[in-house]
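Below: one structure, written as structure tokens.
Every chain is named by a letter (A, B, C and D) in the order it is written, and numbering of its residues begins at 1.
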Amino acid sequence: MIDLRSDTVTRPSAGMLAAMTSAPVGDDVYGEDPTINRLEETVAGLLGHEAGLFTVSGSLANILGVRALVAPGSEVLCEASAHIARAELGAHAAVSGITTRTWSAPAGQIDLEQIRALISADLGRYFVSTAAVSVENTHNFGGGSIQHAYDALADELDARGLPLHLDGARLWNASVASGVPLASYASRATAASVCLSKGLGAPVGSVLVGSTELIREARVWRKRLGAGWRQAGVLAAAGLYALEHNVERLAEDHANARLIAEVLADAAPGSVKPDQVETNIVVADLAATGKSVPEVVEAARAAGVLVGGVGPTQLRLVTHLDASTDDCRTAAQSLARLLAA
Amino acid sequence: MIDLRSDTVTRPSAGMLAAMTSAPVGDDVYGEDPTINRLEETVAGLLGHEAGLFTVSGSLANILGVRALVAPGSEVLCEASAHIARAELGAHAAVSGITTRTWSAPAGQIDLEQIRALISADLGRYFVSTAAVSVENTHNFGGGSIQHAYDALADELDARGLPLHLDGARLWNASVASGVPLASYASRATAASVCLSKGLGAPVGSVLVGSTELIREARVWRKRLGAGWRQAGVLAAAGLYALEHNVERLAEDHANARLIAEVLADAAPGSVKPDQVETNIVVADLAATGKSVPEVVEAARAAGVLVGGVGPTQLRLVTHLDASTDDCRTAAQSLARLLAA
Amino acid sequence: MIDLRSDTVTRPSAGMLAAMTSAPVGDDVYGEDPTINRLEETVAGLLGHEAGLFTVSGSLANILGVRALVAPGSEVLCEASAHIARAELGAHAAVSGITTRTWSAPAGQIDLEQIRALISADLGRYFVSTAAVSVENTHNFGGGSIQHAYDALADELDARGLPLHLDGARLWNASVASGVPLASYASRATAASVCLSKGLGAPVGSVLVGSTELIREARVWRKRLGAGWRQAGVLAAAGLYALEHNVERLAEDHANARLIAEVLADAAPGSVKPDQVETNIVVADLAATGKSVPEVVEAARAAGVLVGGVGPTQLRLVTHLDASTDDCRTAAQSLARLLAA
Amino acid sequence: MIDLRSDTVTRPSAGMLAAMTSAPVGDDVYGEDPTINRLEETVAGLLGHEAGLFTVSGSLANILGVRALVAPGSEVLCEASAHIARAELGAHAAVSGITTRTWSAPAGQIDLEQIRALISADLGRYFVSTAAVSVENTHNFGGGSIQHAYDALADELDARGLPLHLDGARLWNASVASGVPLASYASRATAASVCLSKGLGAPVGSVLVGSTELIREARVWRKRLGAGWRQAGVLAAAGLYALEHNVERLAEDHANARLIAEVLADAAPGSVKPDQVETNIVVADLAATGKSVPEVVEAARAAGVLVGGVGPTQLRLVTHLDASTDDCRTAAQSLARLLAA
């Protein structure tokens, strides 16, 4: 079975497992897990921040990061299909009391004009204040797109004294694809998260970065949300291994996604624009094929390929380190046959 | 001083005060205030709903109404400048744990295409579900605009089985201006609020309407939020008086607003489009006048006219029962002189 | 019908209504209601605090007062039958995210030994911190009891640097009965609330007092909870009238309560201890009478007397300005006949 | 260094690590991690419940378990030094909106009389309802005590139709020490949690058990709190290994704790009552020794023994599988010298 539903399905390799079993661990609630400490320092360093916090998920890293920037009753702005708005179960409101207003843009892009119109000038204490803007880079439901106006937004927010939150679950992909260093992205944000368990292949975990003070507070809230952990160094070791071995190779995933896009574009013209596939996610629109999403998902499964639906007529394929170029070509050809049938 | 900052500044008239002092009252926490009971039944009847709840503010009526429709962690959609998004201090998130996504449209209008794109099809329990759409009619920060696609949205939501929330703080104005009966608007919504202390001139209070069960739950949450009250029949009496005496006369306020708009449009061409003034709110854009908002607000005050700023270059004037046609003409002429100077 | 269910049932007198209709009002959201401003200043002065905030209920004053002292995730300590623990619908947790631990004592009294054992020494940031202690004086479910260890607790908390919250809904009664000035009680607390609509007879309203900064914050949260109001000066006028006319006369209510207690103690020995009736509340235990609470409540109603149950075998009678000495004697005699029957 | 601060400091053994690296894993957000599924079923079976949920911490299992039983604004009763009241950072209020009232008893025991007095009969919807009682067994801050009135409380709650929540972080210890089967305890509760990373030695993780429906809801809220995880089967494998190898051996830890207690009781008479050491926790009171807690903690560390303070005059030692009988004897003798010095 070739599983292209998500890059979260990646599993630890033999090398990663070996790293996990040989790492020293300790009680992280006491701050005594040396492997976690090393991971947090390493990621903070890579991203140009003072400190890091290892969390059980990217959602948690975002929950803690946004709440560090936005008080209850204030608002964060984000694109309408951002992960924090769509896929975190309303936690920013339900857990943190934070409200949201949204702009909508193709591929989940930053739209400076809309953002400027949304940012609430200080109208006094009886109005909701815009306290941060959050950007997802690459943008998952936007099809793995890189945020092209990222620096322009960061400049705008600097000028207004507003903090930027970066949901960098797939920042690795953005950096490898664009050639922009990780820190060039992340250091523009006051709080940023990255995920180790998607394209990087670690079994569990994300890292939130920010100032020492921001991370100190986030650590307390992590505990309050029930997500402090003990000897999680076994997981942090996987993360460290992933940083060493699995970042540069994301370029292969990107090439594989482009390959898939080209095969599908040939088979079902108009379903995909290959040159818009910037990283490891391919979204194919079935509207013109006359096939339904559940029908194609089912037929693909029967043909040994797992893919997912992400909208009424849209199919998503995600490449990753557990799917080789051959796997991806095979999967694309199977799908091409189904779409052309 | 002619006060056109808001129609909330209205004060009880002698007739209203007399009604307040002669009304029988009781302990509303026990459900024993006959005047409150009569007000709640009267408003529910007017709006085509089973039951009503008298609340201390329109914000509270909205907080209780939206929470009746949307569970913590789910979302309500609204226009980006809606009162619930901008002027209720994030209560829907901070108090109710509800998250929001927004569309943006001129004059705060319903934009069906954007709303359809935002409504989240049921993608499973790990995604945020759209649980309701909220519409403000008339739309305060949209310049008192009437929602022209109201029925079309209601039809769309009916078809999808999604409830509509109506923030009808100024529904009286919408109804008087459009000729559409109150119940024709409000009965399309599962929960609706109306305000008695704006154009209607009561000192305090709004009413939430909905089903008997919805109101029963809202009553408990009103108490939980600390807003149960005792012998508030003195205020309800003002509301009943307002319903009898101050609804039809809103047409005068609308005419006065149009008058002001015409005077300003003459004095500062392009600042106002009089034919877009549908009800009792005039928003004038000072951009072309070369004057700043604080400067004009201050000069107007010196000339005996109170107005407010509602944006970087926008001035707002609101007509109401405590400002006669002469007052409004005088105020408009004073402002015209300032803008033309 | 003689209504002794609660002192909240009091209704505005003719004099009070006259005061209400002649008071100048304005828009309190803009801080422009002169009567509210005067009430807030007057009560703050009486209670020895810098500033006051007029609220729609005593529950709201407590919600705002406790949240000003205790951060989300921290705790307030209180007696297990305190109003904030029992009768505010869990708002301190549900709205403010504050947790509670409790001591239990006869008549809801302060128990210094238990409180000392509960106060959490600072065990580090992974433990819940005790952030305040709240005391209700007089204590409603404790039978209108005055807190005799009030100053000792205040001294203890001062020594530890912990703030005291005073739920003074019936502080007027405590002061009149004990002779201790209001400010001698309230100035020991960092935040204190008093109620105008119980024994004082105003239709609606309480006042929270504290420092200027505390009240400024509370004003924002009052708005966030939907309980900002507009021309509520009509209600504030009732409060000011009550302060002038209805405080000293509480002594009559206390005498009437003692009279009732003596009649009941004669009729049903052991049901009440008259010398424990310190203010305007009488709690009678029916255990030895062989009658059930619902049975007696119903029979009393048939005899023209309204009383309430407050426990499996307990009946509560509350005296107030709308029940004269004759009313109270009549009611007590009716009940005496029922209990002795 | 002999670390007796907590049984959370335990680290995975070589055998456990081998089990972790050979376990099949999958994406648990999709329900596809076979090792997690096996752990959840195994623990549910052991505890006599339908279903289980693997969580990152015991706090999280408690947060999810209590919120399944208690609605926002309702209350859970617990002992005043329970883990849920003291060591979960107020999450039950701050995250779930649940309020708490507490009883206090020596060794954190169930006190039926106090509990009966606290349980709130249904006084109507304007009063806080008691929705559950929570019991910690063994009780951490109570010194690892077994709850002796557990069945009596369960019977009482059954009779009242109230659910019991069991914080069974160390239920393994209670069961091994008392001989009562795990399911005899846990099946009396509607929701129960157990911890794998304390005495059982797994690096991370707890399991919540309950009905299929309760666990389905808890799974959604786990995700909402940001604590869904992906290939956490590596951790679940450690849990399964622990269940097979590390439960019965807890008897050794209990014997070691008794040994420590006896040595300390000899050296500092009155500091410990050895026959009250029921499981793996020893609390020594230094009051009579004239030594301070920080002083003894520091001197012990210098002597190679890590212990913790848990109160103004109290020291805590916890035995576990990484401290042999020799280690414990050595540690006890070192401490004995310090206390007797």
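Everything that follows uses one rule, which is that contacts are C-beta pairs under 8 Å (C-beta built on N, C-alpha and C of every residue); 3 or more make two chains touch, one makes a residue touch a chain.
Given the structure is predicted, the values throughout are model-derived calculations rather than measurements.
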Superimpose the Cα trace of chain A on the Cα trace of chain D, which carries the same sequence, then give the rotation angle to the nearest 5°.
-> 180
Could you find the chain whose CA centre sits the greatest distance from that of chain D?
-> B
Does B-D or A-B have more contacting C-beta pairs?
-> A-B
Measure off the straight-line distance from the CA centroid of chain B to the CA centroid of chain C, and report it in whole Å.
-> 35
Distance from the mean Cα position of chain D to that of chain B, given in whole angstrom = 52
Separation of chain A from chain B, taking each centre as the mean of its C-alpha atoms, in whole Å = 40
Where chain D touches two or more other chains at once, by residue number | 29, 72-73, 88-91, 94-95, 126, 220, 223-224, 228
Listed in rising order, the residues of chain B that touch chain D in the complex are 29, 72-73, 125-126, 220, 223-224, 228
Touching chain B in the complex: which residues of chain C?
-> 5-6, 8-12, 17-18, 20-21, 25-27, 29-30, 55-57, 59-64, 88-91, 94-95, 197, 203-204, 220, 223-235
Interface residues, chain D side, partner chain C - complex = 72-75, 80, 85-95, 97-104, 114, 117-118, 120-121, 126-128, 310-312
